[in-house]
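Accompanying notes for the structure given below.
We just call them A, B, C, D, E and F in the order they show up, numbering each chain from 1.
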Amino acid sequence: MYAAIVVLTAMGLLLGYSLGMAAKYLKVEKDPLVDEIEDMLPGTNCGQCGLPGCSSAAQALAAHEAPVTLCPPGGKALAQQLADKLSVSVDLSGMEEEAPAFARIKEDQCNGCTRCYKVCATDAIMGANRQIHTVFTEACNGCGKCVEVCPTNGLVLVPETPTLRTWRWSKPEAR
Amino acid sequence: MTTTTPVSGPHTHAPGGVTTQMGWVILALLPATAFGVYLFGWPALNLLLITVLAAIAFEVISLRIAKRPVTPFLMDGSALLTGLLLALTLPPWAPWWIAVLGAGFAIVVGKHVFGGLGQNLFNPAMLARVALLVSFPLEMTTWVTPQPMFAEGSPGFIEGLAITFGLAAIPDAMTGATVLGETQTGFSRDLGLSETLPGVYDPMQQALGFIPASMGEGSALLLLAGGLVLMARRIISWEIPVAMLGTLAGLATIFMLIDPERFAGPGLHLISGGAMLAAFFIATDPVTSPSTMRGRLIFGAGCGLLIYVIRTWGGYPEGIAFAIILMNGLAPLIDHYLRPRTYGRTRGGKPLEPKASAPAAPVTEKRP
Amino acid sequence: MTTVAQPSYRQRVGYHSALLGGIALMASAVLVITDMQTRDTIAERQAEDFRQTLEQVIPASVHDNQPQQDTYQLQTADGSSLEIYRARQEGRVSAVAFQVTGRGYAGPIEILMGVDAEGEVLGVRVLRHKETPGLGDKIEVARDPWILSFDGLSLGDPPRDDWAVKKDGGIFDQFTGATITPRVVVNAVRDGLELFEQHRSTLLQRGDESAPSALAPPPALLSPEEPTS
Amino acid sequence: MLSFLFKRRAFQGGVHPEDRKQATSHLPIQTLPLPERLYVPVQQHIGAAAQPRVQTGQKVLKGEMIATGSGPVSAAVHAPTSGTVVAVEPHPAPHPSGLPVQTIVIEPDGDDRWVDEPEPEHALNLEPEVIAQRVAEAGVVGMGGATFPAAIKLNLGSRHTIDTLVINGSECEPYLTCDDRLMRERTQEVIDGVRIMRHALGARHTLIVLEDNKPEALAALQEHLYEMDHLEAISVPTRYPMGSEKHMIKAVTGREIPAGKLGADIGVIVHNVGTAYAVHRAVRMRRPLVSRIVTVGGGAVQRPANLQVPLGTRVEELLAYCGGTRETPARLLMGGPMMGQIMPHAQVPVVKGTNGVIALTAAEINIDDPMPCIRCGRCVAACPCGLMPLEMASRIRSEDMDGAAAYGLMDCVACGSCSYVCPSHIPLVQYFQHAKGVLADRREQQRRQEELKELAQQRRARQEAEAKAKAEAAARKKAEREAKKRAQQAKAKEKPAPAKDNEKAEA
Amino acid sequence: MTEFMLLLLGTALVNNVVLVQFLGLCPFMGVSNKLDTALSMGLATTFVLTLASVAGWLLEYFVLAPLDLGFLRILSFILVIAAVVQFTELVIRKTSAALHRVLGIFLPLITTNCAVLGVALLNIQEGHGFLQSVTFGFGAALGFTLVMVIFAGLRERLAVNNVPAAFAGAPIAFIVAGLLSLGFMGFAGLDFA
Amino acid sequence: MTHPAKLILDDYRRLFRDGIWDNNVVMAQMLALCPLLAVTGTATNGLGMGLATTFVMVAAALLISMLRGIITPEVRIPVFILLIAALVTLVDLVMNAYLYEMHKALGLFIPLIVTNCAILGRAESFASRQPVHRAVVDGLAMGVGFTLILVVLGAVREIPGSGTLFADARLLLGDGFAWMELTLIPEYRGFLLMILPPGAFLALGFILAGKRVLDTRLANRAAAVKMAQA
């Protein structure tokens, strides 16, 4: 009977020892995942995800604390990429592929306060103090921050007007 | 002259649709079915009708539950075909509840839990047959010798009903075993083929169907004819039947040459146990077989191999249903790994190397 | 849990080792005690289990010993050995039990049979089989009394040719739709009886000579080829 | 017995749609009278839209350039007749969406007067670059349907070695007979255009390839070709999509264009016969592309015809000329029934790529409501590109666009063979078009995101730099202040303990 | 040789660990969404299972049996398996970073794959010899990998099919596993005699 | 202010709700499948397995939660496994000695409680981070949830499969429980498929689908109620 105790204790000691050594000499370095994810995010730190910016979003994602669908500017495509990266399965069918929208300044209401100019993360708004501002559509990511700060409600988000170039075939109805 | 939603081309279509295809398959099965009904009399007709009607009823119920339109899906004829094929593989005098249970399993578990037509991964009729076989081996292995309709001694209409509805037992004198069952029983008594086969196996009778068997097992010749019609109409492809029957015959020949006492020859394998039905009508079920040519060759060969292995060494006297279900399971893998070569790419999917300015085009010589 | 700061001694390899070792020590200690507590009971249970089966093929009325402890290795003609359990009445071998195997429909069928000194079947039970439930499993006494139909039969009664299922011209019932299983069992029992007949003298006389003992004699002492006087 | 199964084929896959050409193949080309107004879109080709260079009210002459090509891939647009520009405004495009596109509306004056009357040229003496330039000036685009600016393809001879020029006269779409008639009626002009192109490309071999259902055109061509010219007309089996560049090359040269490459990369260039004719007009006659031949057909049309039509004519005029429709067409198409586009209404204009105006009855369309895929594999067998349409479609249906791409979505030429044979009548091509659109959107979005990221980083860098500069400036100021203070203090009290000051500075 | 081939076939097909013996079902259900992952998991399991069979056999016949410590079997086997898994991970990490990336995340899962412990215990219960144990372990792993890959193929198809909402996901996966195991019943009683 | 005892009770109620329905080992976590499918030929076997597993779960939760202070991440898993394995061996030995018939029926699957993924999983994710009382209640809840699904699946297979319910309950629970053994359909030959391996998978598939339907119904109803209130 003592054999039992001896054998098992010895095994325990041995295993504990080897695991300890393993832990010591084969430490996994810091998770590179966070960086990789951060690279995938839009990087505009727009805050639409409700987190203080893309790098915290990346951390939350890596820790599986945030859904892969968190980033509206990234859209469905990003959600899919993130899902693949994190090997989680998500049902994205509910996620609307939102048509991108752009800010437009109603010129008659702009008083040139420059507030929108200051919040825009991508420098999409041009204009000087006390002059009518304009939005450079190519650089606008539709985050809507400028709309929020405008004191005269002079900014609106409008969807892109469809053209032959942006027109797409719809998905057929399946039975 | 205005179209509301734009639709993409093509704006024309080849004749025919799903219903047409199913219709042809049913048509091609009719001669063998009619002959089977004639051979096994009223009980067989009852069973056929019950199976088909039950299949249709379960289809309607399932569609209702799934809140899908009933008419278009019922009209496609696939439920009818599933029922018909199942009926053809049952013992012709099996009781009614076998038919109902089988049709229910095929349509509900085999088809509609997957989402209905085209979504199922396994052949519904074969699933039902296997489920019945493992659950009710007695009923599923009680075969009768042919009792042609209106012939002397064969059951009349009323007796037929009695047999189907379990009110009258099948007279022992009328029961018999299929050839494959007989050989298997023989091996358990240490009898070789030369002792078991005489008396139970006559190639001609077997091919015509005058044997204790299911309706779809006998009349191998009629089934072959029906299958060839389907092939000619391009409703089924040639790959699966050829590969399956070829493999089966090949293996049978090889092993027969090794030990004729233990291993039956290709003739017996091809015309018994529903090999013809399976090769032309069941393994070719488009939904559950691969969709590429090479895939179908592999699929057919796999069916042949498994049928031979299970028949010869397995515990069950027949291998077809099992083989087909197993190969159905492999079909997605086959389709995944055996894709056709894409134009401009290697088989592996890499772009071809550009053959910069090859020598003179070969056809220039061909001026008429 | 990972973020909790660990005291430094916990990061030493020795600590891991000791921790695992210590827990292993405690675990093994507990198990050793349990083992000591249950070991005998388990052995008893197993013995009891077997005794009950034996009891079914050798009724208690024909013996006053413990047949499961009175074993004997019979060397059969094909060179293998067969374990024989001997029942004794006042030291004389009154019956024996042994195992026979047949190849059934779906695998081997292991059968335990008891035969009395006259060569009459005392009882037959199936120990293990893989036959189809609902079809071949009627050979289990719990499902069907069919297996009891062997009781009291012997090689001569019925005559040898009648040791077969009815379908093969014998006297035993087959089951509807399953002939193979009963056929195999009938054949196996008949073979068992023939084996008994063949070795009858060895089986019975051997027992006569040696005094009843709780322990089976070491096989080395028993060489069946050796004629007994 | 099974030999029919193993017949070697020019290319794998393909289908045999009923060709239905007999209604128009015997009808000579008629000239459509000038309509009241012409609607000339500035975008009639692949690439960037042309820039209008006329104003409302301006008079224009036939062949006058009214919009210039802009950017590397673009094509000029010319006035189809003489008249007045009455508007430059958005007008429904000949496109399934019917979305508006910038259009120059011209009211013809009825004179149909050319800008100039140049002499025919000895085109074969010209340098290849000059030929290409003339073609570009004439606004010639591929007339086979792709409408790729022809000059760019003619210039490829300078960068690639082109050994074979293939002239695509296969016209594999049902109903269409415009190329057939062109080859039969203007044989010499076509051949001349071919020679010019061959000269521009420096190709050694030239093949004019026809499907074997156009024996008259083949005979007409062969009559005008002579042996030593290394220019020959051959026929190939009739099988859709023989006209597709990739498959035609495979059929006549046995070569395959590697994925992602052009025909030029393997030394072959394909041009349509209509393009050849347009090149002849442009280079030899110095006439820009202002009209084209259009087949008006389909069961719903009273009197099908082959018409020479000024570009910008509205489709309804063509139909009216042909006696109108006998029943409301179930679908009105521009192009053939396989690859043609459905038109939202008949008020869209004929453009450079319009080879047919087809009004189909429901019976001709023969498309039922879609059923689920039964995995019959017909689409796989039909696909000339060796794809598995069913797998791509099922992935697209479940929104797995990347999965579809992995199955070769981008190798699909949208020929429609798969949809044509599908017994379940699944609109496979539309699935593919939809998915290609989604993927394009995604690429576009990704590109934007990259740009935006860049912008955001720049801004951040700028802000940081500014902040740093500010901080530095503040520090400098502070230091200066301190220094001043110290100087003042030093001045004020000549003898304080200097150590104390040092300590403060350090802190 | 034939004996071992037959044991191998029998273990892989006839008594398939997953579909017939009901072992290793959690990874079978959990890691079979994607074909590639399933294959990797199968390979990792094959390695560990074979090694665990060997280790278990050695432990039983060199330590436990001589010392009459049958009751410590479970305990010591699972410890050995944990060690084998850990060891495998170390080796793979040291030798091939690429392989580790593919198999790495699965290795910890294997410790709790009951097929590993189950097969090691079955080896002892059936009284297999050393070579038999190896064959049995390898065969079981082969069977595991086989059905895992087949199942993953089927599930990839299911993912793009139109399965009703009530059945989508886990329910239909179980039903498919059931139907597959119905097919595998065809191998029951397979007897190459 | 809510009484602290009520708070604790609410907490326990949540834990039980989780264990039995919302986060059920089988129906939500998809773990512990092997014993589940393997032993549920009859409801009785399911019950036996469930009780044994519950015991191990509770005891493991207790021990692990108690030891959580001294265990280091490096040897965490081996320690857990070691503890669980010891407990299982204990159960094995005790059942072998005192519930011999049941032990025979459950066979290989008693030792395999060790690798029952659910136990280790729960130890990792719950017991090793929670105070003893919560860990134990959670273990119990998970165990009960597992036992329930075992019994339900056993019943779903046993009734059509052999026409009985709780056959041989006497062997597990003692002669006092003979009343539980019901023969629902006498002289029934049985839909064998249900007790064969395929039946196990199929039955579980349908049970899961049933739960899905029930859950959506409940969610819809809850949503409707909320709508009505708003």
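Some notes on this structure:
The working rule: contacts are C-beta pairs under 8 Å (C-beta built on N, C-alpha and C of every residue); 3 or more make two chains touch, one makes a residue touch a chain.
Model, not experiment: these values are computed from the prediction.
Looking at subunit B and subunit D, the chains in contact with each of them are A, E. In terms of the distance between Cα centroids, subunit D is separated most widely from C.
The busiest chain interface, judged by C-beta pairs in contact, is B-D. Taking the mean of the C-alpha atoms as each chain's centre, subunit A and subunit B sit 53 Å apart.
The mean-CA centres of subunit D and subunit E are about 56 angstrom from one another, to the nearest whole unit.
Distance between chain centres (mean CA atoms), subunit A to subunit D: 36 Å.
Between subunit B and subunit E the centroid-to-centroid distance comes to 33 Å (mean Cα coordinates, whole Å).
In subunit D, the residues that touch at least two other chains are 97, 369, 371-372, 391, 397-398, 427, 430, 433. Of all residues in subunit B, those that touch two or more other chains are 6, 8, 72, 109, 113, 115-116, 119, 131, 134, 138, 315. Multi-chain contact residues of subunit F, defined as those touching 2 or more other chains: 73-75, 78, 82, 85-86, 89, 93, 189-190, 192-193, 196, 198, 202, 205, 209.
Touching chain pairs in this entry, ordered by label, are A-B, A-C, A-D, A-E, A-F, B-C, B-D, B-E, B-F, C-E, C-F, D-E, E-F. Within the complex formed with subunit E, the residues of subunit C that make contact are 24, 27-28, 31, 34-35, 105-107, 130. Within the complex, the subunit E residues that touch subunit D are 159-162. On the side of subunit B, the complex with subunit A involves touching residues 5-6, 8, 68-69, 72.
Touching subunit B in their complex are the following residues of subunit F: 189-193, 196, 198, 202, 205, 209. Residues 66, 109-110, 112-116, 119, 121-122, 127, 130-131, 134, 306, 309-310, 313-316, 319, 321-323, 325-326, 328-330, 332-333, 336 of subunit B are the ones that touch subunit E when the two sit in their complex.
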